[in-house]
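For reference, the structure discussed in these notes is given below.
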Amino acid sequence: MSTSVNDMLRTYPADLGSVDQQAMARCIEACLACAQACTACADTCLSEGMVGELAKCIRTDMDCADIRNAPAAVLSRHTGYDADITRAVLKACAPVCKACGDECAAHADVHEHCRVCAEACRRCEQACNDLLAGPG
Amino acid sequence: MSTSVNDMLRTYPADLGSVDQQAMARCIEACLACAQACTACADTCLSEGMVGELAKCIRTDMDCADIRNAPAAVLSRHTGYDADITRAVLKACAPVCKACGDECAAHADVHEHCRVCAEACRRCEQACNDLLAGPG
Amino acid sequence: MSTSVNDMLRTYPADLGSVDQQAMARCIEACLACAQACTACADTCLSEGMVGELAKCIRTDMDCADIRNAPAAVLSRHTGYDADITRAVLKACAPVCKACGDECAAHADVHEHCRVCAEACRRCEQACNDLLAGPG
Amino acid sequence: MSTSVNDMLRTYPADLGSVDQQAMARCIEACLACAQACTACADTCLSEGMVGELAKCIRTDMDCADIRNAPAAVLSRHTGYDADITRAVLKACAPVCKACGDECAAHADVHEHCRVCAEACRRCEQACNDLLAGPG
């Protein structure tokens, strides 16, 4: 997938401060990819024969998809930067990714889409935690 | 505004546990109202003559609107309930509401839309904190 | 539910043109209420015993919830108004509401949450069509 | 950017019918990339000196970002497929992309972020139209 994340960071007219731009770009892209994977996984679970057993997985997928748009958007903004907002959003995102990744991982042996989704959640959780651990 | 929040809670086929349903319903509605107010306030700031002075307000409004959909959706789900997800989302929501409410309050004397938006943010922050303080 | 929709319209600093403000406010609120009802209905379907029979209903609910935020946001903005954008969004919204309302109505005798959701979809479809039929 | 779009399509347990899966995957990714570009462009416009001249661009960017999540989600679902919903969402998406691409293109000589964003909008508009022109 070709995004404009780095081009947009490059063309921002003001100083972006001490933030790790590569970590930020990775986190934005990981959030977008995770939201899509969770949306698709919830739908694919719905098409499985044993959908009742996957109810919690579907629900967690939907929560994870719904929260994912917030960090992708907040991290795409640099005007009037407020570190408290960024940290609050990332600190919510990481545990939701973890909960969804754990739930999907529990079904990964039986359902390949859950394995793929768990990987997307793990990458997103890692990217959020990397950004939280960095400067800025 | 007439919503179906309470009718939906009433028709849920399983036990909702110890959660305070009225506090939950108030929080869902406060999130929806706050998202709309922030979206409208960002746009209204854009139409003011001194839009440059309102850049931080517009940005904070947009962040607040973007995160508001997550708790409204997460709190509307009861299947496979995970208290960690609910708490993570509410704990992100409250400080973003506070930051946006503070920013809007700083312009409330000059711009009435900022005063209206600050009030919507305060109500949403309070509703999130009430729910965090309760059982469940 | 108490929203700031009308207060925000009232405090907009420029002329809003020939648009029917009451129809616009009703449509914004109907979209917010419909999104919440569809999110809750999808989740409630997941908790029913015969979730397999409700797979299409869950899916349509999720689509309807996902598109509902666009008109609520677009109609909340008046700066740089572009009638083509407003019409495009409303013309997408109405048939999705109709499809979701029809699907929920087909389960309304058995599942009361589907009846409640169908009503929210019908109100939103009507509000979108009212706005499309008006001036502006 | 690495997404799971194709892996998710590959692991779907039922027949996907006559739809062009590569065109669908391209459209999902183009919508995600366009939403991010528009969010970043709106914010970058806010940091420019002449933000008043960019008010319409900011507004159109926000509309475009808000509608972009709907097709990305709807196209990620295959259970209970309803061609009317898919077509309604794509038919709304294409003209909003066109309006935003045109507005950004008008500032592309002066603001490089508008040029980058216009390209993301054009790719997304094309991907939506390709899918509308295809089977399914």
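Order of writing sets the chain letters: A, B, C and D. Residues in each chain are counted from 1.
Following the convention adopted for this analysis, a contact is a pair of C-beta atoms (placed from the backbone, for glycine too) under 8 Å apart; a residue touches a chain by one contact, two chains touch by 3 or more.
All of these numbers come straight from a predicted model, not from anything done at the bench.
Shared contact partners of subunit C and subunit D are A, B. Here B-C and A-B were compared by C-beta pairs in contact; the pair with more is B-C.
Per-chain Cα centroids separate subunit A from subunit B by 21 Å. Between the CA-based centres of subunit B and subunit D the separation comes to 27 Å, rounded to the whole angstrom.
Counting partners per residue, subunit D has 43, 46-47, 55, 58-59, 62, 69, 73, 77, 79-80 as the residues that reach two or more other chains. Chain contact topology: the protein chains form a complete graph, every chain touching every other one.
Of all the residues in subunit C, the ones that touch subunit D in their complex are 55-60, 62-63, 66-67, 69-70, 73-74, 77, 79-80, 82, 84-85, 88-89, 91-93, 95-96, 99.
Contact residues of subunit D toward subunit A in the complex are 1-5, 7-9, 11-14, 28-29, 32-33, 35-37, 39-41, 43-44, 46-48, 65, 69, 72-73, 76-80, 111-113, 116-117, 119-120. Of all the residues in subunit C, the ones that touch subunit A in their complex are 42-43, 46-47, 49, 51-52, 55, 58-59, 62.
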